[in-house]
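Below you'll find a set of structures to go through.
What follows is a pair of complexes built around chain A, which joins chain B in one and chain C in the other.
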Partner chain A sequence: MPWYAGIGVLLLAAVVLPPQFGSYYHYLAGLTLINVILAVGLNLLTGNAGQASLCHSSFMAIGAYATTYLVTKFGLSYWLALPIGGMIAAMFGFALGFPALRLRGFYLAVVTLGFLELSTILIQQLPDITGGVRGIATPRPVMFGYVFSSDLAFYYVILAVALMAIWVAYSLLHSPTGRAFNAIRNSEAAAQTLAVPLARTKLIAFMVAAFFAGIGGGLFASLVGFIDPLEFGIWTSVRHIVFIVVGGLGSILGSILGAVVLTVLPETLRGFKEYNEFVFGGLLLVVLMTLPGGLAGLGPLLWSRVSRRSGSASQPVAKAQDVNLR
Partner chain B sequence: MKYFSLENLVVVFGGLRAVSNVSVSLGRGEIHGLIGPNGAGKTSLINSVSGLIPLKSGRILIDGQPIQNLPPHRRAASGVGRTFQHAEIFGDQSVIDNVLTGGFAHRQSTWLQDLLGTPGKFAAERRAYRAAEQMLDAFGLLQLRDALAGDLPFGTLKKIDLARALLGKPQLLMLDEPTSGMNDTEAQDVIATCKRIAGGYGVTLLVIEHNMRVIMGLADIIHVLDHGEKIAEGKPEAIQKNPLVIEAYLGHGSANHA
Partner chain C sequence: MSIVLQLAIAGLSAGSIYALVALGLMLAHKGTGILNFAQGELVALGAYIGLFFSVVLHLPYWQVFILTLLVAAVAGALLERTLIRPLLHAPPFTVIVATLAIGLMIKNLLRIWWPESVSTFSSPLDGLSFQVGEVNINPQYLWITACSLLITGMLALFFRKSLIGKAMQAVSQNVTAARLMGIRVSLIFPLTFAVSTAMAALAGILMAPVVGIQAEMGNIILKGFVVAMLGGFTSLIGCVVGGFILGLLETFGGAFIGGTFKDVTAFVLLMVILLVRPNGIFGSAEARRV
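And now, the complex of A and B:
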């Protein structure tokens, strides 16, 4: 089966299957796809451009509040508010890219942590805007008078946005700009001597990742129905990093697999009750220790096993890609 | 006035003068060699020209235009290319992606087109692939197209580095030991290919090479560095007989280079 047939089957399943299930699954599927958007964006920044970021959830928050206020206070259409929210997040991403021009690895991670702290403190200190601990109510999109109020209807909106996000990431990684991302992670010296501008490339990477997070945040707020100010803390950022590390750094497929598996798995592990997180943590460790390329490396690994057994040439196995933590 | 001139370049590391008042002029399309014992400052010289290490003083001119104050990527964009002693290959990328990155200076899509995936961007991408494949084919690497570069032997990485640099169609290409990690036949092949492609684009070459047989057969003019200073310049036959050069190599007991 050629690869595009596989993608076609998956797409068909994503469109046709959800109505067969209950409303809880519509919500879970929507949440999963939002996490896919967030993971794909973060992976471009961290997995490809090699820039550590602990403030992906801050960009989410910016997108969530911007989208919500543009609709509720300014009366903008949701379809305009969402991309504008993403652009506002991208502007903050652009600003945060400047420290990245001078800092690397752990130092950059600490700066992004500072930005995260700043944004969480602001959210807590501005209850008039953020609604304090009770949060604020969020809108659902409307099209030709039809309100996407059911989780199933809104799931299809999220699906469309997620597909666009994947398309953008795919196009980027098969372009000079995407190759520049990979070049600066591997060797800044070599990249520069090939005319790759370091500053510009890093700023683009931060902007793109923040835009993805802003869109994800806007959708997330609408899916949940209200914005919980405690949602956008360090734990959410760390979860995004876990998505891409477990899924496979620098790989779109990895972002998707990581986000899907790690969103769905905790739900299916409910049966273990209080051992839920124990099992979850154990599975994480097993994946990290046995699959250096993440879940996305599983395919090539199995393929090389199979083809070695049948005597044909083995494919090189994807290696764990280093994130510049120097 | 030659087309490229490096005038009185000085590079200082701490108190050490790694490159001391070195001047080199190259006419367009010429091939120059840069030799000298280990630690003579050859790599420091080309690092300072490509902008990876700062110049203390001196000027770098391309057709009379000074470029020594430009950042490294702008120097590359104005036609200064190079390869690396240790190849500096993007190890977790495929061979073709490594070489494609070399075409960055001549990209035909903007970053917004790259993001949106416009048809024009994909057409540009197909042209870039064809150019990169031709380059791989010229170096006999086409069958390694999709291999992960990090899994390949050093001699192959040097070829990828060279192919990557050539795809940027530089005006001045500085090669840092282009044939290390290769046997004699391979070395001759690579040099012949490089010369053919460079000649086709009108590229000027400045080559650091330890293999004396390669460099003597390749270069029009050879410059000799020792302790950061230029001690000789001339045609290969003259350099081989120059007493200063012989002393620099043999006098320090590094006879293996001579």
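And now, the complex of A and C:
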């Protein structure tokens, strides 16, 4: 079976199957796809361009609050507010990208951690815009008088956006900019000698990741219907990192796999909710140390073992070791 | 005038806590090359160990104090042997994510072990306060400042005078050369983490009576980073001075400008340092291999 037939079957399943299940599953599927969008965005920045970011949830928050504010206070259509929210998030990504131009590795991570802290504080301190610690309600979108109030209807909206996001990420990675991402991850010096504009490439990576997060945040706000600052803390950021590390750094397939598996699994193992952070942390450690290519790297790895032709297995996936943030 | 003095005392005590967190971060980073993103959770761990000795075993304060530091040091050494050792040659991203994961696991375990949201343990200074002229002084603040200064001074002496301290310095400067001089690097690394974790635990038990014990105490790590960067990630003095600068800025800014200012000070300071003097006030420019 050729690969596109497989994708076709999956797509068909994503469209045809959901109506067979209950509303809770529509909600869960929507959440999963939002996490896919977030993971794909973060993976472009971290897995491909090699820039560590601990503030992906801040960009998500910016998108979520901007969308909500535009819809509720300005009466803007959700379909306009969502991309504008993403663009506002991208602007913040651009602003954060500037210090990042001079920083590497640990220092960059510290700055993004600081930005996360700052955004959480500002959400709490600006209750006029954000509703403060009490949170704020976000309405579902409307189109030609039809309200997407059922989780199934909104699931299809999210599915469309997620497919678009995956397509954009795929095209980007196969464009000169995407190749430049991978080049600066491997070696900034080598990339520069090959005339890769370092500053521009990094800024683009930050903006794209922030845009994806902003869109994900806008969808999230509307799906859940209510947002408060607790949703956008360090734990959410780390969860996004777990998605891409477990799924496979630098691989779109990895982002999708990681987000799907790690959103659905905790829901099915709800009895262990208390131990959620512990399990995620442990999983992260195990994958980092034993499976540098993540789930997406597992297939090629197994295939090379089985076929005993170690050289023939292609390595499309970046290893954790390759994310070289000196 | 009295308000200024009162704020200064509060600011200095907050600053000395930040200095301790920064010191722990810096020691581990200089000694092993690992920047420990779980340091904040080690602060919380120290506070919870103190809580255990104080509330569960009912030991007096000075015993709690010493036992906590010892247990934290052992925990730090164990942490190095089990989880940090495999990261020694890993690239920064792996180290960041792995230590974040370790911190997350510690936080989760603490929350499960002690489900109460905010708790505290008694210290002999509780409820005491004395007046000097018009100034109301909380002895808790003086104790925090004095104790952290004293221990930092002892640490400085330890690095200057003792053989082990000198060995730790040698390893931080050049691992290979130190190994060639007959220093057992595999013993120095756990020792470094033991000292670093003990510093974190000290910060934890000192701040516990003032702010209360909770699993979210680990958020202090950002202030530790800012202070360590202010000090250039190299010197003990830099950490202490940096801590005082941040503590005083926060307290005075919070009092005269507003509460929001207090919360964003650390981030603003971080940005200013990184843009103006990336190597800190006391640091020197670092040569980097391309």
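Note that the second predicted complex is superposed on the first by the 289 of 326 C-alpha atoms of A that agree within 3 Å, B and C clash if a C-alpha of one lies under 4 Å from a C-alpha of the other, contacts with A are read in each partner's own complex, and residues count from 1 in each chain.
Basically, a contact is a pair of C-beta atoms (placed from the backbone, for glycine too) under 8 Å apart; a residue touches a chain by one contact, two chains touch by 3 or more.
The structure displayed is predicted, hence computed values, not measured ones.
Student: Under the stated touch criterion, which partner chain does A:T67 make contact with: chain B (first), chain C (second), both, or neither?
Tutor: neither
Student: Touching A:P197, do we find chain B (first), chain C (second), both, or neither?
Tutor: A:P197: touches chain B, not chain C.
Student: Please name the chain, chain B or chain C, that touches the greater number of residues in chain A.
Tutor: C
Student: Taking the superposition as given, does A:G281 touch the first partner, chain B, the second, chain C, both, or neither?
Tutor: second
Student: Just checking: does A:A189 make contact with chain B only, chain C only, both, or neither of them? Give me first, second, both or neither.
Tutor: both
Student: Which chain A residues are contacted by chain C in one complex and by chain B in the other?
Tutor: 189, 321
Student: Using the touch definition from the top, list the residues of chain B that touch chain A in their complex.
Tutor: Contact set of chain B toward chain A: 50-52, 71-74, 76-77, 80-82, 84, 88-93, 97, 100-105, 107, 109, 111, 113-117, 121, 125, 128, 147-148, 150-151, 164-165, 168.
Student: Using the touch definition up top, name the residues of chain A that touch chain C in the complex.
Tutor: It comes out as residues 46, 50, 52, 54, 99, 102-107, 109-111, 113-115, 117-118, 121-122, 125, 189, 235, 238, 241, 245, 274-278, 280-282, 284-285, 288-289, 320-321, 323-326.
Student: Which stretch or stretches of chain A touch chain B in the complex?
Tutor: 167-168, 170-172, 174-180, 182-183, 186-187, 189-198, 204, 208, 250, 316, 318-319, 321-322
Student: For the complex, which residues does chain C have touching chain A?
Tutor: Of all residues in chain C, those touching chain A are 35, 37, 83, 86, 90-98, 100-105, 107-109, 112, 219, 221-222, 225-226, 229, 259-260, 263-264, 266-267, 270-271, 274-275, 278, 288, 290.
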